[in-house]
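What follows is chain A paired twice: with chain B in the first complex and chain C in the second.
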Partner chain A sequence: MKFSIVVNEGPYTHQASDSAYHFTKAVLAKGHEVFRVFFYHDGVNNATRLTTPPQDDRNIVSRWSKLAQGSELDMVVCVAAAQRRGIVDEGEAKRNGKDATNLAPGFRISGLGQLIEAGIQADRIVVFGD
Partner chain B sequence: MLHIINKSPLDRNSLDTVLTTAVGDGAILLIEDGVYAATKGNAYEPKLKAAMAKFKVYALQADLEARGIADRVTDGVTTVDYAGFVDLVANNKTNQSWL
Partner chain C sequence: MSDIKKFMFVNRKAPYGTIYALESLEVVLIAAAFDQNCSMAFLDDGVYQLKKGHQTKGIEVKGFEKTYGALEDYDIEKLYVDQESLAARGLTAEDLCVPVEVVSRAELGKLMEEQDVLLSF
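And now, the complex of A and B:
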């Protein structure tokens, strides 16, 4: 079965990103397909590679990156939400005249159409938020 | 339909909303702070027990354990792990996270 997952909250403040991560891992472990993980609203803050939590804490961002690497997850960050919150890849930096990028490996920035497509293409879509 | 609740009923009214508006039979999955609804003796317990006539109620084991309340789950509530969470989503044609 095809699943899509939506993450609407950032890391460390709400449990949403943790729940979504464990759920996504369980979906893959069960042999299902993950069509897309879509990061929206404050959820885009899960995609900054500049995150540096204390060593004895989980690194929520790199945990997503590793999961994406291992299972070829399509992790999409909403472009408008990302621009507001300073989540930038090379294309966006060039387009908006920014002097840095911070998008973590495994994530890509795209539009809200990707969320609609995730809803259409997947058999199930599950939203994690506050 | 699967209704996913992630807040304590003492904090938000999302569980109340489901119990008063959801039609037909279905399942309720309590996750995150939602699991507080499934503890023995909590103020919301009578309402949850009454709702069990209409809904099958599940609670996420990892979130019960994280809050130290896994040993006092209300009778009739089924605990599930994340794999069970996935099965619930797969087995219900639709789901709604009541955020």
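And now, the complex of A and C:
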């Protein structure tokens, strides 16, 4: 089956991102396809590579990056939500005159159309939020 | 992309206090631009999103009551409001800023079952 995953909450404050990660991993392990993981609302905060949790805690951001690396997962961060919250890649930094970038590996910034497409293309869309 | 699916956007949160309502409206408008069959459901504190007379000056937040009125220009005309949520908050359809269909929880459940994609905010 083809899944799309939506993550609507940031890391650490809410369980949603953890649950989405474990669900996505399980879906892939079962041999299903994940069409896309879409990060919206505070979910875009899962994509900053500046996250530095204590050493004995899970690193939610790099965990997503690693998962994408191993499975060519398409992880998309909503551009409008990202701009509001300061999640920036090189293109966005140039466009908006910012002096830094922080997008973690494996993520890409794109528009809300990608969320609608994820809904159209997938057999099931699963939303993780509060 | 010619596929047309039934999208329902489920709104459960008050319009201000969190950003869910505003950002969910942005998704709805994009879905409409993709020519999808869109509807919206309002339940719990989400019914306050449609309450007439948003006044946001005091909290210095951009108001977006007018956007609900513009939804029909995007061919989004199916707005369902949960009767129990309205009643629990002392509201009726007359208190709302746009025409809606007030439905029972059971009817809303049936409508949800008919959807291809449910996005809840």
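Simple rule for what comes next: the second predicted complex is superposed on the first by the 130 of 130 C-alpha atoms of A that agree within 3 Å, B and C clash if a C-alpha of one lies under 4 Å from a C-alpha of the other, contacts with A are read in each partner's own complex, and residues count from 1 in each chain.
Just so it is clear, a residue touches a chain if its C-beta (ideal position, glycine included) is under 8 Å from a C-beta of that chain, and two chains touch if they have at least 3 such contacts.
Since the structure is predicted, the reported quantities are computational estimates derived from the model, not experimental observations.
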Report task. Kindly classify A:Ser17 by the partners it touches after superposition: chain B alone (first), chain C alone (second), both, or neither? Result -> neither
Query - Partner chain(s) touched by A:Ala81 [first = chain B, second = chain C, both, neither] - result: second
Report task. Report for A:Gly129: first if it touches chain B alone, second if chain C alone, otherwise both or neither. Result -> both
Requested in this report: Using the superposition on chain A described above, determine whether A:Leu115 touches chain B (first), chain C (second), both, or neither.
Outcome: second
Query - Touching partner for A:Asn46 - first (chain B), second (chain C), both, neither - result: neither
Query raised in the report: Who does A:Ser65 touch here: chain B (first), chain C (second), both, or neither?
Result: neither
Query raised in the report: A:Asn8 contacts which: chain B (first), chain C (second), both, neither?
Result: both
Query raised in the report: Is A:Val27 touching the first partner chain B, the second partner chain C, both, or neither of them?
Result: first
Query raised in the report: Of the residues on chain A, which ones does chain B touch that chain C also touches?
Result: 8, 127, 129
Query raised in the report: In their complex, what parts of chain A are in touch with chain B?
Result: 1, 3, 8, 15-16, 19, 22-23, 25-27, 29-30, 32, 124, 126-130
Query raised in the report: In their complex, what parts of chain C are in touch with chain A?
Result: 1, 3, 5, 7, 19-20, 23, 26-27, 30-31, 33-34, 36, 116-121
Report summary line: The residues of chain B that touch chain A in their complex are 4, 6, 31-33, 62, 81-83, 85-87, 89-90, 95, 97, 99
Query raised in the report: Hey, which residues of chain A end up touching chain C in the complex?
Result: 6, 8, 40-41, 80-81, 84, 111-113, 115-117, 119-121, 125, 127, 129
